[in-house]
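Heads up, the next two complexes both have subunit A, just with different partners, subunit B and then subunit C.
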Partner chain A sequence: EFAMSRRYDSRTTTFSPDGRLLQVEYALKATDSAGSATGILASDGVVLAAQKQSSSKLLATPRQSEKIIRLDDHLLCVVAGLNSDANILIQSGRLMAQRHRYRFQEPMPVEMVCSWICDYKQWYTQHGGQRPFGVSMLYAGWDECHGFQLYKADPAGTYGGWRATAIGENRQGAENLLKNEYEETCNVEQALELAVKVMSKTLDTTTPTADKMEFTTVTRGEDGQVRIHQLTEAETEALLARVEIAGAAAGDA
Partner chain B sequence: EFGCTDMDSVIGVTGDNFVIIAADASCARSILVYKQDEDKIVSMDNDTKLMGVAGDTCDRVRFSEYVDRNLALHLMRWDRPMGVKASASFCRTTLATALRQGPFQVNLLLGGLDTDGSASLYQMDYFGTMHKNAFGALGYGAHFVLSTLDQHYREGMSVEEAMEVVAKCVQVLRTRFLINLPRFIVKTCTPEGVTVSEL
Partner chain C sequence: AEFAMSIMEYSGGAVLAMTGRNCVAIASDTRLGSQAQTQSTDFEKCFRITDKLYVGLAGLATDVLTLSAQLDFKHRMYRLRENRDMTPKTFSAMLSNALYAKRFGPYFCEPVVAGLNADGSPFVTCMDLIGAPVDTDDFCVSGTCTENMYALCESLYRPDMEPDDLFETISQCLLSAVDRDALSGWGGVVHVITAEGVTTRRLKGR
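The block that comes next holds the complex of A and B.
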């Protein structure tokens, strides 16, 4: 059905006759074929899970996650799409967060960071000659205004607050699973177990392993400080084992 | 003459959950008094913050309106007033950035209440020096008033007790300060809002 509308592809600033910004839609398609990721809001934190991609054994293992990235001490983002595009957004987001800290002597609220980066993305959907950013993003963190939060933003720069959502490959399947199984009263541990199920679905595997998926949690310590913790390989394996046992037990019953 | 912040006397006092800022109402240059009913204290962010500013009228008004409108914009965008510390830090970085471009020649006292009801007061000069204090004073008047405050200020005073201390400060100025200051506008910020009175 795209045959006729090709004429209107070439500039992002042009609407197609049926009122669509095709370049923006194509950008979204690009992110839909990227590695999957999910975010789940728990009562005591936020859980993020992402696919670990290793296209080759020769690829050096990165020191930090390539998909779940820290923007400031109290907030993270998860990226799905072109990593080079994501890097630009991450850099500018980190800069804005520090500028805000300098100007206001307090952390930049999570929604404000999300909103600012989205405004930045929107610029590229309206000004001539440049393509949109081919990245979908999740923002997760804690601030004094609204506590734990999770936002999803698309290449157009539209964002919304979510209780649970997914980006990247098979996100429809992930979103359906979340719709059926997410419970608002869940805690971080339960959210982690749900995240395992979601990632197993998006990766289409019944035997999830720690080398295929990674998990990060955002919580608050007893001193009120925000804690961002990427599960170690051992912790991930323990989590996967717990989910397997629970699944097997449920199967028996 | 220009950029003179000495001629405005501003006094600020905090309690556990209130802030009082008093400022003289004279607007003058050299030997001429333009008016005696100038309000140098701006109430901002839905009456949750007070800012008393000392300096020539042009910079005083320009700066206080700029801060007031920026706080209002923030409130409009995020449906939530900025905290006192964040507002004060915003003022400070505005002053510091402007210093080597086109300075705002103002000194100020910014006090207010956070959403948890706690009160705080920040004093700033036009360089962008900022300190948090329980009380403060600006202008020539500070030379007189700070010793009065040192003597009479107590933590945990009621609004009435704090008002008495402010009244003592004004009395000292009327007794010992060369410049006649017949009128002080006093604004009190409490969880119920801002009330205006005079001394």
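The block that comes next holds the complex of A and C.
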């Protein structure tokens, strides 16, 4: 399938004869082999889950999540792909969000941040000599206009709003599972439990543990303030235990 | 009737910060004017950066608002990158740098920073409009009635006051000082910062 395409690889500005931008597709392939992550929209919040990867025991424990990253107080992104590319996008996203706050004295709407970063990514698919960003991203947050939202964006800069989706390794399997089991009326707790199932599937494990996956929720407190909470190790273990019990009970029934 | 005055006195205002025992207080009046004409009586000049760090800005109102928005921007970016808040010392250095960056077209603002260090000890500092800092361990003042505020602080201040005592002292200093200044007053707001949190109280002026 790719035999002829080698001639059209070297410049992202060139379409192949069958109308494809091969560099962009290769970039997407790069993200598909990255650590998996999933996002699920609940009625009262958004749940994000990501694989915790550690290539070596000698690696120092990261102080913050390497995949689920804050862009502002009301807004997070999840990255799958080249971390160095992701850092550039994150930094410019954070800067844009603060510039918006400065100009308009209010938080930047979630979709606007997503769309701005996508425009930034798109530039690299239409100018010669530069490769696209090898990152797929999920954006999750809350704003006054549209409430809780979840977006997915690919290296080409295409984005869409999702109720539940996945990026990274085994995302097809994850997406199938979500298609079958996602319910729009779910709450954050139910979404968390579904996220455990999804991550267990993408990591291909029947015994999920807190050192392999992490969970973050976006909700609103009683005072209306957006609350971003990364589940502690203890909370994660409790969640995994709840899902195991539910699974065992269902198995027995 | 119009009369010429310094641009630093156009809006009017007074800001005052004082250290206590493991606590710090920062206060401002709430008047906003266009020279002699009062425009607002609830224009606060103290801004929260974190629960342990406040900055008070006295001077031209538009610069007070712009500079506080800029400081908020800079601190939020720092916090996102570093995953921790700025220390008062670092914040002051950043503020000083931000003011000097406009050395030949400055913000008409003389800030006062009040916060708690990581070990709980109080921190106050103030600087001129182009960022020259003054680190002291007792109190800092800024605005259109600094002579009045200095006189009152020198008389009433004692080191190591507890939060309630600190509140009383700083309030008396502020209210009495602004009473003798036509361009400041119309009430006040006081924030007392301790390890447990911030207590904000409004003062009734005349």
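A few points about this structure:
Everything that follows uses one rule, which is that the second predicted complex is superposed on the first by the 253 of 253 C-alpha atoms of A that agree within 3 Å, B and C clash if a C-alpha of one lies under 4 Å from a C-alpha of the other, contacts with A are read in each partner's own complex, and residues count from 1 in each chain.
Note that contacts are C-beta pairs under 8 Å (C-beta built on N, C-alpha and C of every residue); 3 or more make two chains touch, one makes a residue touch a chain.
Since we're looking at a predicted model, the values are computed, not measured.
Contacts of A:T207 after superposition: neither subunit B nor subunit C is touched. When subunit B and subunit C are set side by side, the one touching more residues of subunit A is C.
Of the two partner chains, subunit C is the only one touched by A:Q98; subunit B is not.
By the touch criterion defined above, A:R70 reaches subunit C but does not reach subunit B. Shared-chain residue A:S56: touches no atom of subunit B or subunit C. The intersection of subunit A residues touching subunit B with those touching subunit C, taken from the two complexes, comprises 102, 105. Interface residues of subunit C, counted against subunit A in their complex, comprise 69-70, 72-73, 76-77, 80-81, 83. Residues of subunit A touching subunit C in their complex: 63-64, 70-73, 91, 94-95, 98-99, 101-102, 105. Remark: subunit B residues 78, 80, 82-83, 85-86, 89-90, 93 touch subunit A in the complex. Within the complex, the subunit A residues that touch subunit B are 102-106, 109, 111-112, 145.
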